[in-house]
Amino acid sequence: MSVDLSALVAEIAADMAAEADRGTVATYIPQLAKVDPSRFGIAVIEADGTVHAAGDADEPFSIQSISKVFTLTLALGKIGDTLWKRVGREPSGNPFNSIVQLEAEKGIPRNPFINAGALVVTDVLLAGHAPKVAIGEILRFVRHVCDDDDVFIDEAVARSETATGHRNVALANYMRAFGNLEHDPALTLGVYFHQCAIAMSCRQLAAAGRFLALDGRHPTVGGRVVSSERARRINALMLTCGHYDGSGDFAFKVGIPGKSGVGGGILAVVPGKASIAVWSPGLNRIGNSRLGTMALERLAKAAGWSVFGP
Amino acid sequence: MSVDLSALVAEIAADMAAEADRGTVATYIPQLAKVDPSRFGIAVIEADGTVHAAGDADEPFSIQSISKVFTLTLALGKIGDTLWKRVGREPSGNPFNSIVQLEAEKGIPRNPFINAGALVVTDVLLAGHAPKVAIGEILRFVRHVCDDDDVFIDEAVARSETATGHRNVALANYMRAFGNLEHDPALTLGVYFHQCAIAMSCRQLAAAGRFLALDGRHPTVGGRVVSSERARRINALMLTCGHYDGSGDFAFKVGIPGKSGVGGGILAVVPGKASIAVWSPGLNRIGNSRLGTMALERLAKAAGWSVFGP
Amino acid sequence: MSVDLSALVAEIAADMAAEADRGTVATYIPQLAKVDPSRFGIAVIEADGTVHAAGDADEPFSIQSISKVFTLTLALGKIGDTLWKRVGREPSGNPFNSIVQLEAEKGIPRNPFINAGALVVTDVLLAGHAPKVAIGEILRFVRHVCDDDDVFIDEAVARSETATGHRNVALANYMRAFGNLEHDPALTLGVYFHQCAIAMSCRQLAAAGRFLALDGRHPTVGGRVVSSERARRINALMLTCGHYDGSGDFAFKVGIPGKSGVGGGILAVVPGKASIAVWSPGLNRIGNSRLGTMALERLAKAAGWSVFGP
Amino acid sequence: MSVDLSALVAEIAADMAAEADRGTVATYIPQLAKVDPSRFGIAVIEADGTVHAAGDADEPFSIQSISKVFTLTLALGKIGDTLWKRVGREPSGNPFNSIVQLEAEKGIPRNPFINAGALVVTDVLLAGHAPKVAIGEILRFVRHVCDDDDVFIDEAVARSETATGHRNVALANYMRAFGNLEHDPALTLGVYFHQCAIAMSCRQLAAAGRFLALDGRHPTVGGRVVSSERARRINALMLTCGHYDGSGDFAFKVGIPGKSGVGGGILAVVPGKASIAVWSPGLNRIGNSRLGTMALERLAKAAGWSVFGP
């Protein structure tokens, strides 16, 4: 790679700061609606650990659905491939909070990255635990993968989600009616709203995604987070399902696995090469960070990082 | 790569020949129903042109939906990105011949690899031409990319599809009602049924896919078939949408771009490394070649070819 | 009944003539788009044969979907209740030309009054006949029930439908793919487009509906058109399914069985009391005659004709 | 009518007692699953007050969705036709607990007799009240219309529904997300589960439905329950939407307005002539009482009570 990544990252951050159309900050969670849309952060960690960061790369933001990558990893570690009896692996062809597919497919969500699927994954993590314990385990796991104990849960965001998450309450109860939730939906939802409220900076998030770029190996403390096959498979799911009903377009334009959140963050993985986190609170029509997507498209193109060809 | 590809390919072919459960040969096109389910062929062409073939690798079969990769490439060459006004780039979350999505999305198919989307692409190729001329152009293009004039259209298959393709007739007329087909549906369908009836061997098909593994460059006659960006994007579409409602699973298990056809063929592309064609007529529940998928999963794993990590 | 029906009918016609918002004339069949929206006709035939007519009651118009009542009657006479294996008896909860329900219910239309269901009924009438013969039989039957040989088929309308009826072509081919059409879709469609092009005046149409108000007995030539049970059942279907996705509203506001057509006509039946035909070409949002519905609501209320109470 | 109703009712009850296939008792509410499937009761009250009863006509059962008729009447009395801004009047074309339609139609249920619609109606009754007060008002209203203070709420059933009503919880939260529920879903659901748990005998229920057969007039205490127009309209809704996705079939075969409940009861209204209640716990495939439907079909036919003709 002859690209000067530090210069590239700085240039992208500068251009994004100047961008007029920043998308729309999500308003359905009141606490998120307060975030300043002018923020933009980016952090790239290369396979060897070199970090390139720019903008608000050290500002913690609500990772929201990006947490689904970590809970999926954790749940697969617990129950392995039996998870796939309760959740599919196909793109949904529907918005992230659609309930229609669940009726047609008898309570089995299409993949673990739509809300319904993530609720099933969280339900797996709740087995044998009180909600508080499950929340603690998730937080500990995220801190472990990025090797940083400063990661925290924003309780105000968690409360805000609890008060307004009627669609998620509907999804959870609907799956419970089909027998695809093992716990009282209120408990599963409690854990889910807390995992979504995890706050991380781009730097922390990029660090947390490194194991997926490194075939499952933990980059700093040694050993494996997951097997190389599982790392590949999580990356595949991120590519096909990581951006809701914009996943095809993200693959088409950016060409690397990624998972977005309505807080405006995106975690992206370049297998063997880099882990990237971007953050800009304004969303596009589909619900993915507008500037974050643009920044990743530009970065992947300039660095020749698309998995689909140089 | 320390893998002995020739040995690996031969071993896979031998194991597939011994496999008892061969899936179900498609019966809805009478001519296809006659194909012997015991057939299995595989051809791998590395970036440098080295070929590894085994089984019925020189037996022509009906490429069916794999033709959509070539017509998409041709149509993008003709009208460029304006194509995307008439067809989307998202996985459908539905079977390949679903009409439901078209009603909800006003006649705009979700992607160019479901039947409705491919009909729009064919409609583009028909512009300004008689159907015979358009068919000739498609055939010439396929012969060009594989540099082999023996590729032919099986007229018996084309007739068989015409007589039984009521769902495709429905799709075409439905899109015409929304104004998303510019020609008399009967003409577009005529061309479409012929492109599906193109017959190729695994060796020819693997050759035809090489430009996608080579950033768009033509492997033998020189020059470019498409730009490198377009090659990446076609690969991305193959990965997210190339196996109908089994695309997510193919990405999860195999991890490389691929396009299947109901004739039992699959074309798969390893960017920068190889082009692969497999053929086995029996299909799985979703409509993709059962043994073809198994063979590709094994090959990609052994060769470390997944785009999602080694 | 102390209502002076002649005065009431005249008054309604006068008020409708003065109405400013006349709805929108259907444009998707070019020949229908030419009809003058200022037209309004009404004819009421009491059980004893007394006729009250006003406005353009003698002007022939395209009965379109109202023809479905007559073909259903004819098909039930031919094959009886075995018809219900191929078409349901439930309101559709969807627009008249929706194809979505067909996919979910494997080619079985919800009822004989949506387009798909009417195509199945027409397919029944085609059995053993050339299309021309089937068309002739339908026309003869309509002439028979109204005892009037002046009823005719408007060939220009039939041609106009043939040229633009892509959605109906889609529906027919889709059902054929499920095996629920026994003939080449083109033949069934040919008959269907002709039955829709039958032209009748309000006076003729009201006469043609009398047998449904008279328990199935033919009002003028004697004998039965259908059994009393079948007459009741056809009336029930008209009430629950006769106005597409506005059937519930028509029952709620008007309270009598009725069948509308996009030509702006409505045939309504008051069991034991009267047969009514209204015509005004402008349609409401659902596709039913705007003034026709208003006129019937007023008439039914003033005459105390709702089947749901005085 | 020369039919001897007492003999007819007794004969039907005797035949139903002997019927072998009694359908399937609903099991999703544990308390209902305990009911003895051999039970059958029927009560007919003629316009003049004459009662014909047979079988278990004095045994209280859980009226379940039949309560929707009474809450609708009450809510229309409170807010009149503004109710129709929050709920439609069309048959749904879907099972009683489908959530799909709500997504497509932005939280507006199709009619007040599917669960989602009934929840909106209950939400209206909750306005300005504590749940206990609203429950009390509903119970008082039902006691008033049947002029019988022995009607009661079965608390064990209410608790059973609360514990297992996950689909209803999903529906309520989903509508709340669209802003079509004004109260905390838990409160609305609390009232709803209690109204469903009202227990009545056939004799009481037939008495409670009399006002709908009498143009809205209260049969015993004098005055009006509703206007005659509103009575007609409620009857119309019962006919088009009263039996979920079997409403069309009930209209086709029985031909009178009716509302069923999963407890096995059906309330049916013959405008101007009679109010009928039947009860048999076993349900057909659609969720309506199997023997209850058969009994009503026979009764309506023998008595010539179909609203669609004698």
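Letters are used for the chains, namely A, B, C and D, taken in the order the chains are written, and counting of residues starts over at 1 for each.
Just so we're on the same page, a residue touches a chain if its C-beta (ideal position, glycine included) is under 8 Å from a C-beta of that chain, and two chains touch if they have at least 3 such contacts.
Computed from a predicted structure; not experimentally measured.
On a Cα centroid basis, the chain most remote from chain D in this structure is B. Summary of the copy comparison: rotating chain B onto chain D for the best CA superposition needs 180 degrees, to the nearest 5.
Distance between chain A and chain C, defined via averaged C-alpha coordinates, is recorded as 55 Å.
Averaged C-alpha coordinates put the centre of chain B at 47 Å from the centre of chain C.
Chain C and chain D have centres, each the mean of its CA atoms, that are 32 Å apart. For chain C, the set of residues touching two or more other chains is empty.
If you check the complex, the residues on chain B that touch chain A are 88-94, 101, 110-111, 212-213, 215-216, 228-229, 231-233, 235-237, 239-241, 245-249, 251-253, 255, 257, 271-272, 301, 306-310.
Interface residues of chain D facing chain A in the complex, by the touch rule stated above, are 98-100, 102-104, 166-167, 169-174, 176-177, 185.
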